[in-house]
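The chains carry the letters A, B and C, assigned in the order they are written, with residues numbered from 1 in each.
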Amino acid sequence: MSVWRRVLRALLLPTGMLAAGEIVMRVQGYAGDALSKPTDVIVALYRALADGTFARATAQTLASSFAGLALGTSLGLAVGLWFGLSFVARSLSAPTVEALRTVPAVALIPLSMLAFGFGVRMESSVVAFACIWPMLILTQAAVRQVEPRLLEVARMLQLPRSGRISKIIMPAAAPRIFVAFRISVGVALVVGITVEIAANPYGLGYLAVTSQQNLRPDLMLATILWIGLLGWGLNAALHGAQRRAFPLAPDRVAVPQQGTR
Amino acid sequence: MKRDPIPGNGSSASGATRLRVRFDRVGLDLGGRRIINELSFSLEAGEFVCVVGPSGCGKTSLLRLLAGLYQPDSGAILRDGKPIDGPSRDVAIVFQDYGRALLPWRTVAGNVSLALEAAGVPAKLRDGRIRSLLDQVGLGAHAAKFLNQLSGGMQQRLQIARCLAQEPALLLMDEPFGALDAMTRQALQDEVGAIAAQTGAAVLFITHDLDEAIYLGDRVLALVAGPVRGQSSLARELPVALPRPRDQLASREDPEYLRLRRELFELIRDERP
Amino acid sequence: MVGWNVGGAFVTLAVVLAWSAVARLRLVSPVFLPSPEATGQALWAGLNQGDLASLTVGTVERMVVGWLLASIAGVVLGGLLGVSPALRTYLQPTLEFMRPLPASAIMPVGIALFGLTPIMVTAVVAFGAIWPVMLSSAHGFSAVEPRLTEVARILRLSRLAFLVKIGLPSALPDVLAGVRLSLTIALILAVVGEMLASQQGLGMAILLAARSFHAADLFAGIVMLSVVGFVGNALLQACERRALAWQATT
């Protein structure tokens, strides 16, 4: 099937459903505050983009999420590398890591509120905590999964430890580490939005909640749509970057669940 | 040299004795290319026909045509005079990649049971049949095991048992022993020969191993690459007039065997690109 | 092996001791870092005399009900998607677009539709938790080994027989993985839902504890939430191991 036909088929259902919803709402004269006509949502989307509402909220969300992402992933990367390379560190830390991993990031929202009040710091600390774990675990796995044959080659060549790490292990593990980073970006966005919806008066999540409270379902749905586009766009951009930089990386990597090492 | 089926072995005698399959100038296109071109041959109940040829020349597609999984693009495949229009339960395929053709979540017995369930055999009768089939292939003691507890040879035997459960009139084997070590291969060759003799089914056996083809077959069909790269057509049919039952040592030292071997070898070699 | 586990336990103990020292030395304000002893006491008191237990049950109930609904619907819908390439062409792109959408973003819509009620929380939990199950089930059902599909054609298995005997067992690893991920999401959404809708549960409890500066209670609540997450996951993993025993490599 040609690309065009596939694109058309893909768009058929959503456009069909939206069109149907539009017609039903117009005919019924729907005036509730839970849902909104698709055309109204599009208009709200356009307006919010034009007058900077979305720009401001997006900047806030991204600022906190990315700050948390940077902190969490660098920590996770450093510790993950350490654990990956050192059997002793890995084994001794395992119970502690497993215990800390079980803490759901949302459970830390009240604690973060208590410590930092509201704002960027509060959100980014929760995001950072959430991002540490996928990065740590997957980096550790990436280092450990380096093809053993390559490590034997390193020994035969008598590479020093630093050389082994920089010339063989890091390049071999890099693709999977990038995938881990991609996953962490997704986590960062999701957790950030969740924090905003639950508590933080800041960013896109908060905008969605206030729209609902102000009985503006069109803006609420537009915000949710925008969040979806943001998430999709980020993922697509990273996926593209991954394909160019690491053509051999796996598309999806499963985060090993609790109880496994 | 045809063999008459030994009666009373649970084989559907009517299906086995009357089967006659004919390839009539069959052509097949795959991926825009003509893979099989003007292929004609025939196969009867009780015959053991081996097909040899270089890799990628359509041998596997040949099997799928016979199984009814593919339809020919030109020519006709006739079974007892009527064209084959789809798979039928009395045609069984033994695949080379046995691991992928078996159900890892079922035991050995469960895997054989699948064929019986598909045929609607009631549960009470299934157990007895499964047991006798497993005994036939030598897996009687392993009925409760899972695939990951079986060796390659055992898994292939299991696949054969499941195919036998279909009571096939036509047994198609796609390089079934290619992934096995030499000793297992020899043992299974003799087992398959014995099973074929017992059930009286027609057997089409694909292999790239010339020795195996001559050792097992009543006839050897040598496919060669056609005028276009990747295409196959029939070069020669070699009847194998060696006495049965075959023996790994005696048959392979038979002067007739050596003559056939040389002839087949030269045939394939001369046609090599 | 045992040696390393013991060593690991010691490390954990060391971490707890360090935490205790930090709290005692007031390196971090006790307003937001209670000592482990205080946390333990709050846990004990809450479970024995207080309502920590019933709060936990409340959260677990909301999580499980929503998760069950989502899992069943997800497997069925995912199965339908998985076996029908036609359906997939029409639906997959939309679903892929919705995959990175944070489940919690649905919360305002839920509130608009159902108000700040228990129904809202269950609905949002179910809606959010359905995606991992549905998507991974669709993947599992669509990725049945082609060789087995050929075997099914040769044996002339009916559609239903194929789905039950081959499709479902083949998809089971993916389905179970999706179900497990679903539970994690269900917990998160249940907690956020409680926070927003003031439902009796751990989420509400830790929010109140934070607002009234009861750090030990807050930490006790966090511990309970971790336990819920851990136990749920462990139970599912055990089920998974039994259901997929045939996968074990000897």
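Definition applied: contacts are C-beta pairs under 8 Å (C-beta built on N, C-alpha and C of every residue); 3 or more make two chains touch, one makes a residue touch a chain.
Source: prediction; values computed, not measured.
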Chain pair with more C-beta contacts, B-C versus A-C: A-C
Maximum centroid distance from chain A, chain identifier (CA atoms): B
Cα-centroid distance, chain A relative to chain B, in whole angstrom: 53
Averaged-CA centre spacing for the pair chain C and chain A, given as whole angstrom: 17
Computed distance of Cα centres, chain C from chain B, in Å: 50
Residue list for chain C, restricted to those that touch at least two other chains: none
Touch list for chain A against partner chain C, complex: 1, 6, 9-14, 33-35, 91-96, 99, 102-111, 113-115, 186, 189-190, 193-194, 197-199, 205, 208-209, 211-212, 217, 220-221, 224, 227-228, 231-232, 234-235, 254, 257-259
For the chain C and chain A complex, residues of the former touching the latter: 4-5, 7-12, 15, 31-32, 89-94, 97-98, 100-109, 111-113, 177, 180, 184, 187-188, 191-192, 195-196, 202-203, 206-207, 209-211, 213, 215, 218-219, 221-222, 225-227, 229-230, 233-234, 237
Of chain B, residues touching chain C in the complex: 67, 69, 87-89, 91-93, 95, 97, 100-101, 103-106, 114-115, 117-119, 146-149, 166
Residue ranges of chain C in contact with chain B within the complex: 145, 147-148, 150-151, 153-157, 161, 165-166, 169-170, 172, 245-250
